[in-house]
Amino acid sequence: MSRLLDVSGIHAGYGTVPVLHGIDIHLDKGEAVGLFGPNGHGKSTLLRTISGLLRPSRGTVTFDGQDITTAKPSAIVAAGLIHAQQSNTLFGDMGVEETLELSAFSPRARDGWKDRLAEVHTLFPRLAERRRQKAKTLSGGERQMLSIGCALMCAPRLLILDEPTLGLSPRLKGELCAAIAEIAKKGVPLIVVEQDVEFLLTLTDRLYLVEQGEVAREIDGSNAPDHQEIMDMYFGEGAH
Amino acid sequence: MFNRRNFLATTALVASFGLPALAQADVIKIGVLAPVSGPAAADGQEMVNGAQMAVDELNAGGGVAGHTFELVVGDAADQSAAAVATAAERLLGDRDMGAIVTGYASGSNFEIEMMAEQEMIYLVSANSAQTRDIISEDPDAFPTIWSFTPSFDAYNTGVLPVIEGLAADGSVDLPSKTLALISSDNPYSKTIAEGLVESFTAGGWDVTVNDLVPFGEVGDWRGFLAKVRQDPPAVVINTDYLPGNAAAFMSQFMEQPTDSLVFIQYAPSVPEFLELTKDASSGVLYNLLGGTLPTSASERAKDVIGKYVETFGNEPGAYGPALYEEVMLYAAGLAAVGDPADRVAIGEWIGQSSTETAAGTMAFDPETHLAVQGEGGIPLQFYQIQDGKRVLFAPENYADGSFKLPPWME
Amino acid sequence: MTRTQRLFALAALVLLAIVPFFVTDSYTRHVFIVAFIYATVAVNWDLSLGLGGLFNFGHVAFFGIGVYTAAILTTALDVSPWIAIPAGGITAAIAALIIALPVAKLQGIYVVLVTFAFGQLCLQIVLSQGDLTGGAEGLVRLPYLTIGDYKFIRDFKFAYYYLALAILAVSVIVLLLIAQSPFGKSLRAVRDNPDYAASRGISVARQRVLVLVASSVMTGVVGGFYAIYLRVASPEVFGFSIATLVVSMVLIGGAGSIIGPAIAALALTFATEAMAGVRGMEEARFIIVAVAMIVVLQVAPGGVVDIFGRLLGSGRKT
Amino acid sequence: MDGVLIPTLVSGLLLGSLYALMASGLSLIWTTLGVFNFAHGALMTLGAYIAWTVTEQLGLGLAAGFVAGIGAAVIAGVVIELLLVRPFYGSRNMMLITVMTTLAASTIIERGISVIWGPRLKQLPRVIDGQVNILGAPVSAHETLIIVLAPAVLLALWWYTGRTRSGRSLRAVGQNQDSAALIGIDVPRTFSLAFGLSAALAGVTGVLLGSIRFITPGLGADPLVNAMIVVIFGGLGSLGATAGAAYVIGMMEALLVLWLGLYWTPSVLFVALIAVLVFRPNGLFGKVSA
């Protein structure tokens, strides 16, 4: 298998406040990887660094053999690395259909955008129903669907989803998890950040536990933890 | 009001180190206090040009009484009190300063008192109402301040006789004695408008519309013109002197002209007005007090304007020649007195003088220190624009043409 | 404010206080007086702009209101100029209260726009009430200051110099005290962290009203002084060019530092005066000031006072 | 009353058109970058001067002058964005700092124009001579052109921002920069695009204004103030709100001139403006909550 993404020794933060302290993760072609860990420990910061929104102070990010550490976000998107942000509000005053159309922005994504739009509509029939509605009038779940839909419109070669089910009702959450599993089945490499580790375990091949801006533990099929262990990882040993 | 002699007494002690006294320098500085930057820079730079032309000419002729001259500019910028006062202080602080000349520096002429305190020669060429108000209370306290602009009273009273004269000799047929007038809210325009209303009503005329616009750029005159068109008067007068506004006024009047004479204060005399309004302004009337005479009517004007065009490549407005004449008059005073340090004597000599200038005969009224208007003084010149040219039609002794019926009244 | 800075300010004050004994010509003293006037406007503006983070674009209107208060009181009502000058502070404070009503509720750019509109409105009122204000021509020959037989216009600006310096010194001291008071601290806290206000239950609206009024008083007083000193009130005081010049002083000096804008006011006034003596530089000097402001904003957003602070090795505490 | 009313309405329409052209440029930058460009008026002036130089001095004709004038404004606009706005992205007081830097830019442009072209008045020839009769009121053809052209430009702008990819990207960047970047929009380039486009609008306004008014270094100063009133009224939100406010103000101004005279109109407009902000802090057509 060949390396698709290699993040090595990343240090990054906001202003003078460091958040990431030399984090390493990687992903191979055709792989799906999960990230989890307590809030505020750098998962979103890591994703922002990968997608170019944040420039790391040290370390490198390599995508498909190319160093993208200092590349502009638009260039990273053009290369096919797509990041759907946590609780993405997208463009509140823009219509659903319009947003999806616009998302096929990079030259690579423009080819066959109509087919991909049809795929998104099949995956999320609700987006087709709401095509004229403005994004800000959508419910939380619909917004997540739109966010993932937009990411798919970008023709991802690697799709990063940041807590796609955050704050959703169990029913909607189920719907979204199924859709994500569908995407994974089509062979799109995924990095998914989720609090629901059990969902991650069913979806992905490997998991990283991110704590204090570092990878605290890497989990793959061989050392899969049980439920109690996961709870411990989350809340610390003394949480009970 | 302070008195000059009191002033000298109270300051005698400090004068020894404070009062800039003119040293016996070979080079006498002449200050131009003018708005050379900011919105009035067009006027200000012409003032500097006029003065520079005079200085160069005097120096080329070997100077006056053993002295040559150097021009120093004080920028009145946006004409704020601070800017004018600072520039004036700078010029006044220069010990070699012999005289300061200007068209105008501030709108209020408040700097006159600063000049008088230092007994500085200060020759002004605008805002004569303000000059008169400051000086007339105690004219003896201002021996060095003289205004090249006569009283604007003639602007108030001079228009009606000329228009009635045109009607009387059959040049124009006035169907009624009605006047529509619009003015801008600045002292110059407003005072003239009030004077015109007074003089026309005294003459038995009806003022059918009397409007005022705020001072500043006015791009749209249609509100006023709509009223004019509802009830066309015999005469339409606009005393807003800004050329841009006047041009807009004229072109909007011409969209649907009424059978009226159109008179605009000052603005048509600005060189650009003609270039830019082109045929739209043909037929319009205006008058000028203390403006440069037409070259056909005055040898002196022809000479000065000719030199100006040759030096700077464009026709001057009123301020170039005026500042030229101011410097020349100072030089004549210096030649007569001999000592540049005796500024009071030079000022008093100027007050007594009577000189032929490009604007007419320059003599001064001892009560107001303004240039004398009328016979033997500065004439009120009446012009009509005819096919892109300015034609002086009154008074007759300076006339270079005659009034023609405006094209829209034919 | 550190000990070094306090010493520096004191030294500067002493230095300025002995200047008139060495500088005897009226022109240089006049330039100092004008610089003190601008400095007073600038440091007071710094209270709302720098410390309060409130972009009050109408600050110069407070100055203009002071100018016209003094001018109208002395011309129309024959009030002594000694009373007319402080009266400018009172009317300016009333105006500040009025403008604070809409400003207290507004955000960001709307504060800029509505305070700008306020300045324009003042200008329109002055222009339209010509009988009282003299309209576009302004009011001239205002009475000058006297103490007994001592006439302030007869001493080559010796007394005016000290009066202007006193107004500036009082402004700076009062503003430094405000900056170090609990009120000043809460101003900075809210400026740096808007959420802080909510968590501490600070009323931002009340703060804004206070800061506007506090910054208007001495601005109005120095406006009154300006009118009496130059003996003229004309509508240019509401114009854009004074506002632009003074705000460049605040930013070049260092917003929020109080001392910085005062230094910048002196430096800029003398620098532009020096350039005014050069033929052909009349427009260019304004360009140079604008460029200087941009450069300072890019290179040293803390202003020159910050650069000095770093050179002196004493961290700036605002 | 007809004889007065129709010309007044035409005046209102003309004023509204000019305000709409100017204010839409301001609003475009504001909605995209959150920057209020105080140099907008100066860009207008620059456009007019360049157009004058090419048309009158070089004698290349009005069409070339228009293109050059608009082009110059665009270049200046992009340069302002690069040098005076871009360095401050993400800083705490970006909105306020850019008010200052663009104000400085306007000083530099206006004073620079005065140095280069001198203070004498200039004027561009009119695009069309002659008159048109609108409902019995004679109006110059050139002004009619402005009345027709402004809505056309606004419509084109509306179509551009709503229907084209780059136009939509402008709106996307204005609404959410991060999300825009994450679908591959080059945000800084979009900022330049917004400035360039806005400057083009300023240039268009400048050359149109330059043939009905005299061109002076301060040509854009008064219109900028008016455009500011418009955007405050409109609420700095959408293009539609801005254009609507422009025509409301234009009509208000024309009717106020008719009823109160030109004299009181500016004061009444300013009072109305402050009143609107007291009761609707986000403008007349703005959203009620921030």
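Think of it as A, B, C and D in the order they're written, each chain with its own count starting at 1.
Definition applied: a contact is a pair of C-beta atoms (placed from the backbone, for glycine too) under 8 Å apart; a residue touches a chain by one contact, two chains touch by 3 or more.
Remember, it's a predicted structure, so these values are computed and weren't measured experimentally.
**Q** Apart from chain D, how do the chains cluster through contacts, with nothing moved?
**A** Result with chain D masked: A | B, C.
**Q** Can you identify the chain nearest the overall CA centroid, using each chain's own CA centroid?
**A** D
**Q** Compare the CA centroid of chain A with every other chain's and tell me the farthest one.
**A** With centres defined by C-alpha atoms, farthest from chain A sits B.
**Q** Between B-D and A-D, which chain pair is linked by more C-beta pairs in contact?
**A** Taking the two pairs in turn, the one with more contacts turns out to be B-D.
**Q** Between chain B and chain C, what's the gap in Å when you average each chain's C-alpha atoms?
**A** Measuring from centre to centre gives 36 Å for this pair.
**Q** Using the average of all C-alpha atoms in each chain as its centre, how far is it in Å between chain A and chain B?
**A** 76
**Q** Can you give the whole-Å distance between the Cα centres of chain A and chain D?
**A** Going by mean C-alpha positions, chain A sits 42 Å from chain D.
**Q** Would you mind listing the residues of chain A that make contact with two or more other chains?
**A** Residue numbers touching two or more other chains: none in chain A.
**Q** Can you pull out the residues of chain B that are in contact with at least two other chains?
**A** 37, 41, 185, 214
**Q** Where in chain C do residues touch two or more other chains at once?
**A** Residues 124, 128, 283, 286.
**Q** Pairwise, which chains touch?
**A** Touch list across chains, by label: A-D, B-C, B-D, C-D.
**Q** Give every residue of chain B touching chain D within the complex, in rising order.
**A** Chain B residues touching chain D: 37, 39, 41-42, 44-45, 185, 211-214, 216-220, 222-227, 229-230, 243-244, 247-248, 251-252, 255-256, 270-272, 275-276, 314.
**Q** Would you tell me which residues of chain B are touching chain C in their complex?
**A** The contact residues of chain B facing chain C are 2, 7, 10-11, 14, 17-18, 20, 36-38, 41, 72-75, 77-83, 85-87, 89-90, 92-93, 106-110, 113, 117, 130, 134, 185-187, 190, 214-215.
**Q** Spell out the residues on chain D that touch chain A in their complex, using ranges where they run on.
**A** It is residues 165, 168-169, 171-172, 175-176, 178-187, 189, 238 of chain D that touch chain A.
**Q** Could you pull out which chain C residues touch chain D in their complex?
**A** 53, 55, 101-102, 105-110, 112-114, 116-118, 120-121, 124-125, 128, 192, 240, 244, 247-248, 251, 283-284, 286-287, 289-291, 293-294, 297-298, 301
**Q** In the complex formed with chain B, which residues of chain C make contact?
**A** 24-28, 30-31, 34, 37, 124, 127-128, 130, 134-141, 151, 153-156, 226, 230-234, 236-237, 239, 241-242, 273, 276-277, 279, 282-283, 286
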